[in-house]
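Pasting the structures in now, so scroll down.
Two complexes, one shared chain (chain A), two partners (chain B, chain C).
Presenting the complex of A and B:
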């Protein structure tokens, strides 16, 4: 966890640096959230609106009833996966913002793969895993490409992944409006619907689709991978200092491309669920911005795969209650975006507090991954 | 909160009952409070599609016994299903108006199945009696009739005889609007042509401005459009000093010098039918299609860009459409020379819903 520059054995062991670190990682984002809420309250008061009403509506809309909770979770499902898609490459020091493209391309691939399988009458039991795997594979290749370009050609991965996103959307549009267009979709070009029998249903007793469960499982699995395995250790070491990692003989190129591929697979899987659980076909609705919201989610979670889950749920709740706020308070849609923006900025500022709040420091300070 | 809302509606309904004798509207005697949830895909003040709906909602808000709750910028993803469910569960909505094309399938259909006691109506002719739930339905206006009037007025206001049309996507409803502008213009000015540029997206302001500029550079002196928000197109035409015709809602304030007229929806006619039926406890019609003959369209008031002859001919065209005058009268060829319409088509003929051609006289291609 700690040894980025120096091996852990070289440091004096004090009681609980890890605990203090965890506490710090909890207190600072929470403080940032509270500060954002206060700032936003000032904004509301200036507009002549009641902050109390606002936050109680966030609660009502996000968690106030079983309907609200399901609404929140349903919206969180893709955000967990796209949050992971940003968080994993971030651990190896890459700022990849192309999850949107991998999601769109993954969803499109799932829909395209489904066409021959569904028309051929192949059972859903076979078809759905094939759709999911191909969506993940295509997502992995897409983001992996950005990683490959980064490592082997020195192309800035932030720019390349963003541009690849536009290409991904264009590729989907090209096929959806042309070769793979369902003739019945006259006014909204779409691929052939996969049909109810091939849809991924909801989790028992809820209206939330299985993408949420997939996100939870992946979040735990990736947390284990990144913190409890040699792969994760090597990846984080590379993220800390590429030269040192190379000097240690770590396969940096492989690690970079692998982390990117994992990220792409997560986003591709989100695309699969959008098609198989939500839309039933691929069309322009796949371009919903989940990939970009995932960046915010991962940032707030400080790139910790486990923390991505509660943060995604918080964003889901904000989205779920946004409509209620519009309807009850007569405020524009942008209100929740203002809150999100404030959270993001305060969060960036709060980054500067790490290692500087005395009571949160263990005896040793300094290096963090 | 739900109880508070319905209490407020009840109070309104009670007050309405007292005032019923003084009110001309049938649904003043509301029994059930009507909570009408409206979902928009874009902002309510977009000078376009969403504004046309929101203006109609504003009129409904004045109706006693009707509470209107609105949500804007809801994307065509499962977010719309969530929004509709939230309106039903948290606000007690009993009529949901989903106003964007992509909301229908699967979201309106599936939500309607889940909430059989709530009525859903969707603004596009997509409801299928055989397969779709009975508590869902469609409403739609044939805006091409008002575009025909645009064409008539434009045909008499142009000096270059070239009308520019910025179009979103080459789908039937858009193509019908382009062709109707041409037929309207040709009905008064046989030399008129319509030049079209497709942007490929419903809302792509930069490309819309480029398209408008390109059309003006090509000599068009009247610009009109079919995109979600015609603001950019109309403003571009105005700053370039050419005339413009509007689409969806009134863009007259954007072009004080060059605005001729615009094709506008009159959704309030339909929404009042719904509110009225709900208040009386009657079943809502599942399918309403309208045009000039049943007061579901209007043209924006003629602006400074319209010549006196254009105003006169435009008004005459409106009267003729109200009386059922057909727009598509054959023989008509498309702009590749193929005969596409032989005889005279009724303005509501379903064959026209499958339009996939540009008529001879339209400069442009759909592929």
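Presenting the complex of A and C:
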């Protein structure tokens, strides 16, 4: 008697568990965004402001004209990089919130390295890559240190990375107000300007600096690294279950430090572009909160390097329209912070809905537990 | 540096430690209370900043600084209760929620605090304890704020209550083993919600000290990580309220190095000394992370030490 192979039972929806999970990862954050927009509208109404005006101003300020689109993209470049800086260690199970420090220290290093090179008259073709590399190296060491302390010393990485952030800002202040202070910077202590010849230019046909391109390339490269390579698989496995990864003989310590170093390099590169393309020197303007907004970007992107890009652009638009909202609605610049805080809190509340919304679940059994 | 200079620096450091340590103390006691229940609240930085703003605004509008302190505590209570409520939802990570509340609390404080940066509000009065010495620098250092003594009294009370009062024992049981608490018929979520809310209240009071006493004004750069350092401080103090006070004094002394040296004219490396508390915290965390006695005294349910 031969075994009868029965055809698979017909399903009402023929979507596989992977698709359903992807759909869930899209629907729930979107729902969280809508819910936060509603909550923020209530907040605005309580203050006697019009939510309609607010959201239309965000649209105008973020995407309304070619100028505002370029402004948005300009601001989303560091957010892509700092978003990646949170997302990559998150994949290996670490909550690192020190991207701000790596950005500041990377930017400062780039500016400091530039001083002898620029005064020595070394060509920009040599100087700029050296600045970028040193910024990335310093960022990698800084965040890598938090990862190392986590793995080899058992120090909580969330707290240590934030402490390292404060130390980074203090190191920059120490040098910028002292040894490396440019005497010409009277009101706002800064390092020596790198000069227009040494600035990173804009991408052809736009006024957006090359940091955006770097962010896009890195987002794709890191997506490939995390999802299509053995390294990424091992890292995600470690994130899922450290003990199992150790039992399998995976080099957990190396993976942890490497992921952190990649994250730090991303944040350091963001700092390089802030110095070489935006400010032209290192000063307190580097401490602009990009590192902290990057955390929110990565959370909303569900730690997916590709999804970081559109989310970063959305928050770039929010930042770009801040000034317009301030002028037109007479609201303080912290309005954007309140909205970001509400999104963050609602987003975390929305985590509770994964696996609990009936129509978003795959109809196979045993796939999700 | 002469002997007299050294004396001035030491006295200034003692005074500085007393002044700087008070917000650390309150946040650490709040965090200690929260962590004893088995949950961690990394968002106390948000409570601290919002508390500072609310206290200043409250003192300015009502004219009574103590009313401001109370209002700051209530603002912290609301944030803490929200944190506690969100954390009881399944699949929600308490560390991530803490990060979110750090930015939410700070954002709210900056938003509503804009109109209060300029005006000057009535401050908390200090108790002059050193006037009898007739030495101006000692008298200056011994200007102690009543909140400092409130904090110390509170730490002794908490230390006693954790061992001797019914709610203290329930709190510790919930923190050590949620399963046994459930078996005793205790609502784990409710205990943690109350502990987080009360912890938030204390962190808010810590913020009030910042804006109403030292540095004594409201601006957006008022707090720089004190709320977060307090979390490390609690680990260092091994979840003992009385040890929290000593740890806070140590942190306060580290924070007072820069200003004390400045008082005798040494301003070289001021920014470097600003980083001293963070560096100290980091080293303390490294030292206490793998310590066996810390592991023994840690609440069993705490995610941060697992």
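Quick note on the criterion: the second predicted complex is superposed on the first by the 348 of 369 C-alpha atoms of A that agree within 3 Å, B and C clash if a C-alpha of one lies under 4 Å from a C-alpha of the other, contacts with A are read in each partner's own complex, and residues count from 1 in each chain.
In this text, a residue touches a chain if its C-beta (ideal position, glycine included) is under 8 Å from a C-beta of that chain, and two chains touch if they have at least 3 such contacts.
Just so we're clear, the structure is a prediction, and the values are computed from it rather than from any experiment.
*Asks:* Give one of first, second, both or neither to describe whether A:332 is in contact with chain B, with chain C, with both, or with none.
*Replies:* The answer is both, since A:332 touches chain B and chain C.
*Asks:* In the superposed arrangement, does A:50 touch chain B (first), chain C (second), both or neither?
*Replies:* A:50: touches no partner chain.
*Asks:* In this superposition, which partner touches a larger number of chain A residues, chain B or chain C?
*Replies:* C
*Asks:* Counting only touches as set out at the top, which of chain B and chain C does A:354 meet: first, second, both, neither?
*Replies:* Only chain C; A:354 stays clear of chain B.
*Asks:* Is A:171 touching the first partner chain B, the second partner chain C, both, or neither of them?
*Replies:* A:171 sits against chain C, while chain B stays out of touch.
*Asks:* First (chain B), second (chain C), both or neither: which does A:241 touch?
*Replies:* Neither partner.
*Asks:* Identify the partner contact of A:292: answer first if only chain B is touched, second if only chain C is, both if each is, neither if none is.
*Replies:* Second partner only.
*Asks:* For A:71 in the superposed arrangement: first (chain B), second (chain C), both or neither?
*Replies:* A:71 sits against chain B, while chain C stays out of touch.
*Asks:* Should A:61 be classified as contacting the first partner (chain B), the second (chain C), both, or neither?
*Replies:* first
*Asks:* Find the residues of chain A that appear in the contact set with chain B and again in the contact set with chain C.
*Replies:* Touching chain B and chain C on chain A: residues 332.
*Asks:* Quick one: which bits of chain C touch chain A in the complex? Just the residue numbers, please.
*Replies:* Spelled out, the residues of chain C in touch with chain A are 42, 82, 86, 89-93, 95-97, 99-101, 103-108, 110-111, 113-114, 224-225, 228-229, 231-232, 235, 269, 271-272, 274-275, 278-279, 281-282, 285-286, 289-290, 304.
*Asks:* Which bits of chain A are touching chain C when the two form their complex?
*Replies:* Listed in rising order, the residues are 95, 97, 149, 153-156, 158-160, 162-164, 166-167, 170-171, 173-174, 177-178, 292, 295-296, 299, 332, 334-335, 337-342, 344-345, 347-349, 351-352, 354-355.
*Asks:* Would you mind writing out the residues of chain B in touch with chain A in their complex?
*Replies:* 1, 37, 43, 69-79, 82-83, 85-87, 89-91, 101-102, 106, 124, 171-173, 354
*Asks:* Can you list the residues on chain A that touch chain B in the complex?
*Replies:* Listed in rising order, the residues are 60-61, 64-65, 67-68, 71, 74-75, 186-188, 274, 278-280, 283-285, 288-289, 319-320, 323-324, 326-328, 332-333.
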